[in-house]
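Labels for the chains are A, B, C and D, by order of writing; each one numbers its residues from 1.
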Amino acid sequence: MIIQDRMRVTGQREIAKNIFEMKLTGKLVGEINSPGQFVHIRVSDSFEPLLRRPISIASIDHQANEMTIIYRAEGRGTQLLSMKKEGDEVDVLGPLGNGFPVGETSPGETAVLIGGGIGVPPLYELSKQLTAKGVTCIHVLGYQTADVSFYEEEFIRLGETYIATVDGTKGSAGFVTDVMEKIGDGFTTYYSCGPMPMLNAVQTAYTGKRGFLSFEQRMGCGIGACFACVCETTDKTDKEYIKVCSDGPVFPAGVVSI
Amino acid sequence: MIIQDRMRVTGQREIAKNIFEMKLTGKLVGEINSPGQFVHIRVSDSFEPLLRRPISIASIDHQANEMTIIYRAEGRGTQLLSMKKEGDEVDVLGPLGNGFPVGETSPGETAVLIGGGIGVPPLYELSKQLTAKGVTCIHVLGYQTADVSFYEEEFIRLGETYIATVDGTKGSAGFVTDVMEKIGDGFTTYYSCGPMPMLNAVQTAYTGKRGFLSFEQRMGCGIGACFACVCETTDKTDKEYIKVCSDGPVFPAGVVSI
Amino acid sequence: MNRLAVELPGLQLKNPIMPASGCFGFGKEYGNLYDLSMLGAIMIKATTLDKRFGNPTPRVAETASGMLNAIGLQNPGLQGVMENELPWLEQYDVPIIANVAGTETADYVEVAKTISMAPNVKALELNISCPNVKCGGITFGTNPQQAHDLTAAVKEVSEVPVYVKLSPNVTDIKEIAKAVEAGGADGITMINTLVGMRLDQKTGRPVIANITGGLSGPAVKPVAIKMVYEVSQVVQIPIIGMGGVSETADVIDFLSAGASAVAVGTANFVDPFICPKIIEELPSKLDELGVNQISELVGRSHRL
Amino acid sequence: MNRLAVELPGLQLKNPIMPASGCFGFGKEYGNLYDLSMLGAIMIKATTLDKRFGNPTPRVAETASGMLNAIGLQNPGLQGVMENELPWLEQYDVPIIANVAGTETADYVEVAKTISMAPNVKALELNISCPNVKCGGITFGTNPQQAHDLTAAVKEVSEVPVYVKLSPNVTDIKEIAKAVEAGGADGITMINTLVGMRLDQKTGRPVIANITGGLSGPAVKPVAIKMVYEVSQVVQIPIIGMGGVSETADVIDFLSAGASAVAVGTANFVDPFICPKIIEELPSKLDELGVNQISELVGRSHRL
């Protein structure tokens, strides 16, 4: 169920240049049911900035009733978020949307998880859940540069991990697609989150494979009521459009017209 | 000189119901030259609330480079101000305006200081400076109720102090003017700050005495440029209007048409 | 007696709070969050004759204390609304105000005629003020004669009272208000969004794919209050006020300005529970103001 | 070459940043804070033929990301400005744009004629858009024919180029812009304030003594950007843009929208050092955008 929760900040640290990892506790955590779901955060009680910010859930700890988000402090809203301190309260709406289907890969099978920049975070919880059930995960993570890369250690702990940076300052130089060529096609499913051009490249490279892509759109309500976040579908027969916030953000590859 | 200073909060406590005493340190303190001057405070970096809030300087400690303000947390701005914690920075513009003329009362003479509610604070620094130079101060402080009264002890330490509350929950029941009747006219000057009806009553009661009144007006710039805070003068020959922010906030009794 | 009850043409409102059109879809999403029966009414998303996909994305952009939108009247069309949306809403004890949009008089009339027959539609809201569609919409809202004629045409076919939604993007909104009143409008809703733009910092190009968008949220409230204040003094028909309502105090302001009820738009995005919160807070606010029945506040800004 | 230099009719600007009329008095107060010679220009407070006290107080009220003002053109009158204010400003190396206001054509003409002879007045800004005075002002700004005729009359007597300041409170600002261009205007300044109101929570009465006020600040920026974007595409004369400029990024937006220079109003109250701060930040902003000369940004929102 979607709830509005005043969650308490239990941790906030800069894990890469302008990239923050924030831990939040509250009853909302108990409502999260799949990796790739997101929350809609009100960054202050002021009306400026006005709108909530959609941020993916990067990790869940049901025991501690805690979740982790990872975000880039860029505009007004995320910068304000980065100034919150341990003990502060944050107004969080969630969990929202439909996440990555963990059930689509069976124990013993292999899944490739491809993330780009600030699209990497939700893949972490996904990988935790997949590996926990016996899926072998291969991670392909792309960043602009080494200094904005994060969570390498964490992903390595879960499985084979390849890093690509555009400028070659970490891992191989180039894009995630360059790395993907090296991996071959000995896998069952792929899951991806990142900028639109990357999603497009991944989908094109893996035609024929079963894949799931997580999309971004500018949002108003975040719950499906305002029609801000629509994308056209490729197959117009059923629905002409989908809403990223409530139908997504994750869709099977091929559903959304990129 | 007027400066813009990011002052550091060195103390914040609620001294009566919704009444806060805040201590701030910064180089602005060195610029203050008379009691009754005020500062213009930006309560957050957001554009909502947008405007600065004018607050009187209640006390100055040049040794510690510290000043005290006392304010009522009422609207959006002052409520935000009350949430600042020790160590936080606040954008303060000041010192602004012309304060109470300490020189108008000579050592050995007696001055009556009459304050109402949130008009009481600037009288504290004034009394400190007057008593320091050998003036006998009589304080008449009016509040709505006991639970919003403050600084009784502090004023008592400086001189004779009368409290009046509208509902009689502290001191005598009624208005400051009721107390003033008891004091008689064995004094040289009076200084007053408080709501307009009070200033009017004080001025009327003390016709013939030399007095100085501090006024309030809604402000824009706070420095004399926008013409938001004007009052008409009684004597239109010299100037038709005065600006509370830069010509005042303190004026000799009789100058401003109330 | 219910202190919050308000009676308007066609509408028995439990309270004067209703979500504004386009900010609440057809109720389903918010229906997952709280019981919609507690609302005074619901203004559903604009319905056009045929279904519409609307404008390309991005469709929204944030501004200081406001937002721009250019959704472009995306909706499932008259048939879809009649078959799927309105019947679903019947489970709730809440009057529906159907927002009707079109490009020419004929399709306004057709939508109005059909949708006004739905059992839970208690009033129409004629959208002559949408800034986000190329033809129709706002052109009717900026010309008094056209506004008058469209109102009259719709009144002729509607089974329920007709409210006309005014655009603030005009030199003199009083003129338009008087024209729709003369055309037979039973009420006025105002304001729709102000036209605005936001540019991308890097490229300098408009953020919204449609180039311009409609500005809403707390930023526009002073403009809305001023227009309600003005219009309520020149027409006899009631006004449902909106534009930036985000907290209980704003409701008091709109009523004081002259509105009889209030719609909440953008604030639903900021706080999805804002309507129930306001409804809950209103009685104690009335106590504070020493007012028994909420309607006593209507127009007190210009009453002696 | 100075990367920030901008050349406009009558004005050699060191940089495109100037305080907006009414938000900077006649410069004295800000002159105590920083050297006024660093400004691109100064738009002084409106000058009328006779001195004016203006409206009763309260004259300002805060709104979400904005403020209302109804100063009512308080100023020392033409003679006072000529004798005291302008000569004092001569100590600075900065062009003055004199904001000229009036109630009828004759007094506009008289003020324009005299004030345009002051040695440091390099341009006039014809205020046909002040919402806070009963007659004159905004009535000229909402009627294309009147706007045209007033512009032509003032052009005839002015010794310096004439910029006309437009009101956003109109259905179609392009029409007014084209009318003043046809009337001979050398430039346009826009936007003046939107009309708005704020009510007192307790009494429900208007906070501003004048009842309505002009809305300015970040809240109105999307409206201003949209209007500059539109007008810059239908006139050949340059635009000085304003409305909510509060940080360097806003300057980029106004230039991108089509303004050649930018005025800063309300933001001076929020941060009295905002103009020098923006001027200081502009060069590195240009670096970020890969732009050498600031004028290259002008109109890039609608250039291919």
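What we mean here is this: a contact is a pair of C-beta atoms (placed from the backbone, for glycine too) under 8 Å apart; a residue touches a chain by one contact, two chains touch by 3 or more.
Keep in mind that this is a model prediction, so the values were computed, not measured.
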{"item": "Chain whose mean Cα position lies farthest from chain B", "value": "A"}
{"item": "Distance from chain B to chain A - Cα centre to Cα centre, in angstrom", "value": "54"}
{"item": "Chain A-chain D separation of Cα centroids, rounded to whole Å", "value": "46"}
{"item": "Chain centre separation (chain C, chain D; CA means) in Å", "value": "34"}
{"item": "Where chain C touches two or more other chains at once, by residue number", "value": "63-66, 217-218"}
{"item": "Multi-chain contact residues (two or more partners), chain A", "value": "47-49"}
{"item": "Chain-level touch network, classified as line, ring, star, complete or other", "value": "complete"}
{"item": "Of chain D, residues touching chain C in the complex", "value": "63-66, 68, 142, 169-171, 194-199, 201-206, 212-213, 215, 217-223, 225-226, 229, 244, 249, 252-253, 256-257, 289, 297, 300-301"}
{"item": "Touching residues (chain side chain B, partner chain A) in the complex", "value": "44, 46-49"}
{"item": "Interface residues, chain D side, partner chain A - complex", "value": "64-65, 218"}
{"item": "Touching residues (chain side chain B, partner chain D) in the complex", "value": "1-2, 4, 42, 47-52, 77, 91, 93, 217-232, 240-241, 246"}
{"item": "For the chain A and chain D complex, residues of the former touching the latter", "value": "47-48"}
